[in-house]
Amino acid sequence: MSTQNVADALSPGLKLRKNRRRVWRPLGVTGLVVLVIWILVAALAPVLAPHDPLGQQFDRFLSPSGAHWFGTDELGRDVLSRVVYGARVTIPLSLLLVVCSLVIGAVVGAAAGYYGGWLEMLVMRTADLVFAFPAIILAMAVVAALGADLTNAVLAIVVVSWPSYARVARGLVLSSRNADYVLATRLLGASGRRSLLVDVTPNVAGPILVLATLDVGNAALLLSGLSFLGLGARPPAAEWGAMVAAGASNFDKWWLGLFPGLAILTLVLAVNFLGDTLRDMLDPRTARAVIQ
Amino acid sequence: KTNKGTDSGGTKNTTLVVENSFDLTTADPGRVYEVTGGMVAHAMYEPLLTFAGGDVSKPVPLLAKSFEASADGKVLTLKLDETAKFSDGSAVTADDVVFSFNRVKNVKGNPSFLLDGVTVTAPDAQTVVLTSAKANPALPYLLPTPALGIVNSKVAKAQGAVDAEGADKSDKAETWFNANSAGSGPYTLQSFSTTTEVVLVANDKYWGTKPVYTKIVLRNVTNSVQKLDVVKDASQLALDLSPDQAKDLGAAVTVDRASTTTTFFLFTNMNPAISPVTSNPKFQEAVRYGLDYAGIMSLAGEGAVQAPGLVPDKLLGALAAGDSLKRDLDRAKAALAASGYSGQEIPMEYPSDITKNGIDFGVLAQKVQAGLTEVGIKVKLAPAPVATALPNYRDGKEKLGLWLWGADYPDPSDYLAFLPGGLVGLRAGWKAGSSPDLTTIGDQAAIETDSGKRAALYQDLQRKLNEVGPFMPLFQSAQISVMAKSVSNFVYNAVWTVDFGALK
Amino acid sequence: MRSRPYLRFVLVRLGALVLLAVGITLVSFILTNLVPGDPAAANLGQRALSDPAIVAAFRHQHGLDQPLPVQYWKYLTGLVQGDFGTSQRSNRPVGDELAEYVPATLELASTAVVLSVVVGVGLGMLAAMRRNSWLDQLLRVVSLAGVSMPTFWLALAAFFLLFYKWGILPGGGRLDPGLDPPPQVTGLYTVDALLAGQWDIFGNAVFHLIMPALVLAAYTVGLLTRFTRASMLEVLGNDYIRTAQAKGLPGRTIVFRHVLRPALVPILTVAGLAFGSLLSGTVLVEQIFSWNGIGQYAYQSALNLDLPAIMGVSLVVAVIYVTVNFVVDLLYGVVDPRVRLQ
Amino acid sequence: MSLLQIEDLQVSYRRAGHPDVMAVAGADLSVAPGEIVGLVGETGCGKSTLARACLGLLRPSGGTVHFDGAPVTPLGRRPRPAAQRRLQMIFQDPFASLNSRRRVGAQIGDALRLNPSPTTVGEWLTRVGLPESAAGRYPHEFSGGQRQRIAIARALAAQPSLIVADEPIAALDASAQAQIANLLVDLARSEGVSLLFISHDLAIVRQIADRTAVMYLGRVVETGPTAELWDTPAHPYSSALIGAVPRPDGLHRLPDELPGDVPDPASPPPGCRFHPRCPVAFDRCATEDPPAITWQDRTVRCLLHTEGEPLHAIN
Amino acid sequence: MSLLDVSDLRVLLPTADGLQPAVDGVGFTVGEREIVGVAGESGSGKTISMLALLGLTPPGARVTGSAGFGGQDLLALKGKALRDVRGRSIAVVFQDPMTSLHPMLTIGRQLTEHVRHHLGLSKRAALDRAAELLDLVRIPDPRGALGRYPHQFSGGMRQRIAIAMALGCSPDLLIADEPTTALDVTVQAGILRLLDRLRTENGLSIILITHDLGVLSSVADRLYVYYAGRIVETGATSGIIQQPRHPYTQGLLRALPRAEDGLTPIGGTPPSLGAVPAGCAFHPRCAFAEASCAVDRPELVDGLACPINPLVRS
């Protein structure tokens, strides 16, 4: 089918070869370190943030200085504190989004691949449909109607993002359903469902994990994009996309948009570094080169 | 290449690029109601009466060279200027006026309420008589509204325009009006898009003083970009800069700041069924005195004024600045304690996608929230795009609402809507009969024809509203217009924003 | 014998396209009607909104007073006749509005796609040829940065620097203000200007395209660089490349004739999908560059719950997306004889 | 009584937009208890298809497969009936037939758990020549030959009475080939398990099989005791196959060539399926489908033989 | 005077544990019109040593030694000079005919591109030549075949096409790397006959790599037996097959299915790259091994790299 997902192109039947992975992967390690830092920042926000992220206690539009490293915003709040607290919004929601789409997509896709027939037909046609459907328009419509709120945005995006997982899961189930090792287990007397669980799941997990890792970045981008459009985070919560939007209306107050933008970039970049490295590790091509 | 305005005097055979964040759905004068639409329609369709420059306190002749109200305030007679010509060269007649007004009423569009209860007749070709069911002292103030511009009825009819009853179904002319024009104004329509740009060209048969700019390109641009464009001379007039954006623009541009007739206000729902908390008068008092007016004014910026009452300062019956409320935290806290408020979160709804005069509702809401937090009121912001927020607002379901009201026409009678049982009153859960006292004053004010008495009545009304009403007027926003040095004679008008024909 | 299966394939795909279109309208219809929110509220003034007669007239005019299935059926039957319904916001036929906005977006998105394919595939090839060199590492970081870049932020930064600070490129819009667009044929200003022989307009239109297209392309360039590299490496590992080397062919011939073609198959897929992501990206980019395309239109329509417009946009975007991928499928046949001859 | 009885088996593959391919088109074969039967034939002649149909991995479009007297049921989602689990398979590709994400012990353990027996995983590993510690390791830590040992252990642990081995040594090194073939045959003999050994390496089959079946384009064209068939091939195709085997005798003898390829099973030639390549074909071969002729314990499908006559060598 | 004279060829390949010797000092010669067989288990370095001759080793490999061919040292050639040898004087046929032809280019294109590049023939002339070659390797309807794609041919036909392609520039030497391993015996017989015919009729010299001694026995004049990157035995084919002297060669032969005796596999497995035992690489698997075998590395003397020279044969 044409409406094939990027993910499909990404991961045709990956196998993890553990034995001789290259130990030193600077990008992957960098990504991991930055990601861990961001997670720590999110967890320790109250400790790290110098000020109350909501406190409108300073002069407006103070440019960065020793007192306010990232300056203050249009309501006299400390931008650094807001950037720090922003991690608490973006990171968990992106993860939530990916986990929801992953669980829904993987289950639905695996069921489609396993049961086949009309179920598969229904699931895959729906996936095609959703793929062709412009995600952001859908998200905008849903959010416009249900009210600006990131949880609504997450809901809306889940509706359009499960199919990539469903496709990968289905593809992998289909290809492994007739794999020799599954047939071998079946011949020993295992039921179809058991072989799916025991034999297929571990093989599907790797590629799905890579896909999910890379998707966390996309989720963060999409969520902050919606917030940028005013359809995401609910004020006064500190959210990076919304903060960039504030910077957008005050161009010459560059610090308003620069720092939250960098926050998004570094977070997404870290996730992508990690995902890309994971993909390399899982990819049979690279794996082959490493093994031989 | 691009012809930009030059400083060489006289007729500039030039194009003026104006940037605006579009609030535009139509160029049909029978339906036009939005801000940008008003600007465009005003340039093409002249009304019977107009306002001179930015002064909206006194209607002056335009297509009608004189007008006269009857003693009981129910009949308004206007004499047309026989030299007035439409852009096709034909004369403006009373029939055209009758057609235009009836069409506005019968297509049942946004502006049709303007002529509710008004019948229009034409005793002769140069005379128009407007008869209202009740005394209607506001009528002359209504007539300059862009929607009441006069259309060339012969041309319009030929394009499917209908003025009779049932025009809401039978009128087919809107498409034509979105591509052409048939008015007597200084400009005609060259191209029209509700999202891209509107291009107007000078009407070469214009009967008045020929406009200086031969072409007006009105572009839809967000305010932040407008700022860059006007500074970089990519445009000559930017209409939507926020007060913050208009700071430190440098010497290359002229900044015009004028207070508008747009009032931002907060309301607390009066309906105990909707909100037992906010309907408590003590709670309302706490909100009223707890709001951080100074902080809010710092957002509203230079040129904006704190609104002492709902009626804007340019209009008859406005309160003086001295009547403005001041923050009184102690009083607010005491009132809150007396109200029995027990710390529950109260959602405050507002339209998240509206930016008016560069004031973003989201930012304002956060400021309001912060002020009330200091009092001890927990406010939860509940933004939604207008499309979603409006139904709740209209149905009176919002516990706390942050909205704005722009004068439909520059007369205080427009603000009677805020009384109990009125359009806005109901939205705040204020049922008819809740305050007979206010209703009585309102009824009197509506039909009083003497200006002095009217003003006094409206002021009285607003003072009382400020005591017992659910509305907390915050401020009148400032219209900030930034233009290239080459542009002169700019005057902000609250009804149509800018008169392109007058620009030099 | 050659054309029949291919023709069949084409027909089946076209049929699927129609079904998909119906599906899209149904989904958007259900969605936009299920959610709370009142189009009348969004599209009428505050005064008019409180006048039941006007609201009724509005609802009647847009058929909102009819049962939902009837509304949907009317929409479908209209659609068959090329009628997308009437926008509730502007009262104009949605078809006309789409015809106005779609070309703007197409012009922008295709420019971005061409840009991404040229740059992305080029960089990807470079990385593959020099694999594991410092250049490869650099390109890897660059391409990952491309896919990690928040588009709206990049757009703002580009706008601020390239236009405001340095004045290298023009700001928003498709043409300098005051320039009249070329006579409309395709709606793509560049093409129309060329058709009309208006070189200055053409130059201006291209000048205006550069920045938004570059911003829009950042993501897809990154994506295509990564994929091209992977795809090239995959092909390079094949026996037939060793055969070509053993035949003594020069490196250039091998890369362009033997490696690129098979590598193109997955690249095509990704490029097709990238086009889809570009269409979504335009919502953010058009906003910032005052580019009046369907991105802006979609945003406005969604905010105003303008149902026919939302459905129209969704439909058009979906059809463009599906068509692009359909073309990609057809291209497989061109690139890979095994597809064509099976 | 044969353990496995295949009669007139037909198996088709469906292909979208193309006519079905009948990969097995009326094949007969039987395997007796304790017997090792070799099945040989060129690439694409339907050996694997036949093997899979025997195990119920493919649904036959015609004919029957009986195992131990009961028809083999196609594999659905439910577990295979216990009786049929005594029919097991060893696959060609030792890299694909073990799950790379599960420990070796767990995979052999499956067999023991699903087909309870007093043996242990360790015992089976020792039987196939691997250390017991192998149970805790993952397949990628083993060479191809070792993996095939694991696969054999897994199949045997299910206590089968018949194992179908589809080219079990084709993917292995020369040295490993002999090791695995020996191991498989030794274990089959010692456990009393029948073996259907599929291979295109005739020399190997000749070494190990009691009986050999020769397959050509979806049909079994000749069966017989291995030595007899090798010495006096009755079908011209068998004869050509045997003649094509290069002999490591240092005598510089070029093997015999059989021109042409196995035809596309989607459009088989009429009459005798082998006739277009047959060096001794005559007119009738192009129209008449030769019937199966049986003489003592040999069967052949060739018009050169007539019912009731002793089968003679074709050369 | 031999056509190719390789001496002391060493190839170090990059692995996770650094450079490791895959080919460790081998020497061999190929005479005019000679078919030289190279035998050995998988991974013994047969392919790598041939690829090294043409500079086709994987990136990062280090190749030393010398390979005299037509008056020049192949291993010293670079760039264009090297490319001019490839495909023109020395051609290669790889093992898997299903993957060694480009799937998206027509047969005609693949058969002519190097011919046009090397010999400067016109397109038409090159196509004519390609058709002739296809005819030579017995492809039916050679003209029609030129316009078709590899997937439209069977495995045997593809291998013939690959051979035709190799013959395009009338090379002096053909290196055939397991050209029949992936094929059926019936098809293999045809390919072997073709190679033999090319040697006698076209005067081609061939290096035939395979681990099937049966194949070598039928066509090769001389044999080299590889084990773990070294040559352990060499000599005339009949001599080696009938009287193998090295225990490894003996083991190889015993593992072959021959009517006389059962299958007797060589115990153990060949060493992997970087884990080659000291001394004689084969000693851990050798039944005749003595203590010195683990220490002294046997040199190839008189065509045999085994000082024990066990003439005892089982």
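Going in written order, the chains are labelled A, B, C, D and E, and every chain counts its residues from 1.
Here is the rule we use: a residue touches a chain if its C-beta (ideal position, glycine included) is under 8 Å from a C-beta of that chain, and two chains touch if they have at least 3 such contacts.
Chains and their UniProt names: A = Cytochrome c550; C = Peptide ABC transporter permease; D = Peptide ABC transporter ATP-binding protein; E = ABC transporter ATP-binding protein.
This structure is a prediction, so every number in the text was calculated from the model and none was measured.
Shared contact partners of subunit B and subunit C, listed by label: A. In summary, the chains found to touch both subunit C and subunit D are A, E. Note on interfaces A-C and A-D: more C-beta pairs are in contact across A-C. At the far end from subunit D, in terms of centres built from Cα atoms, lies B. A separation of 89 Å divides the Cα centre of subunit B from that of subunit D. Per-chain Cα centroids separate subunit A (Cytochrome c550) from subunit B by 45 Å. Note on chain placement: the centre of subunit B and the centre of subunit E lie 90 Å apart, centres being C-alpha means. Between subunit C and subunit E, the centres computed from C-alpha atoms are 53 Å apart. Among the residues of subunit B, those in touch with two or more other chains are 222, 228, 353, 385, 387-388. For subunit A (Cytochrome c550), residues that reach two or more other chains under the stated contact definition are 144-146, 248, 251. In subunit C, the positions touching at least two other chains are 36-37, 164, 287-288, 303, 305.
Partner subunit B is touched in their complex by these residues of subunit C: 36-39, 41-51, 53-54, 57-58, 60-61, 89-92, 100-101, 159, 163-164, 167, 170-173, 176-179, 200, 287-288, 290, 292, 296-297, 300, 303-305. The residues of subunit C lying in touch with subunit A (Cytochrome c550) in their complex are 13, 16, 20, 23-24, 27-28, 31-32, 35-37, 137, 140-141, 144-145, 147-153, 156-157, 160, 164, 223, 226-227, 230, 233-234, 237, 266, 269-270, 272-273, 276, 279-280, 283-284, 287-288, 298-299, 302-303, 305, 310, 313-314, 317-318, 321-322, 325-326, 328-329.
Partner subunit A (Cytochrome c550) is touched in their complex by these residues of subunit D: 55, 57, 75-80, 82, 85, 87-89, 91, 93, 96-102, 107, 110-111, 114-115, 138, 140-141, 151, 154-155, 158. Here subunit D touches subunit E in the complex through residues 42-43, 143, 145, 173-179, 181-182, 200-204, 206-208, 240-241, 243-259, 261-262, going by the rule given at the top. For subunit A (Cytochrome c550) in complex with subunit D, the residues that touch the partner chain are 15-19, 179-194, 198-199, 202-203.
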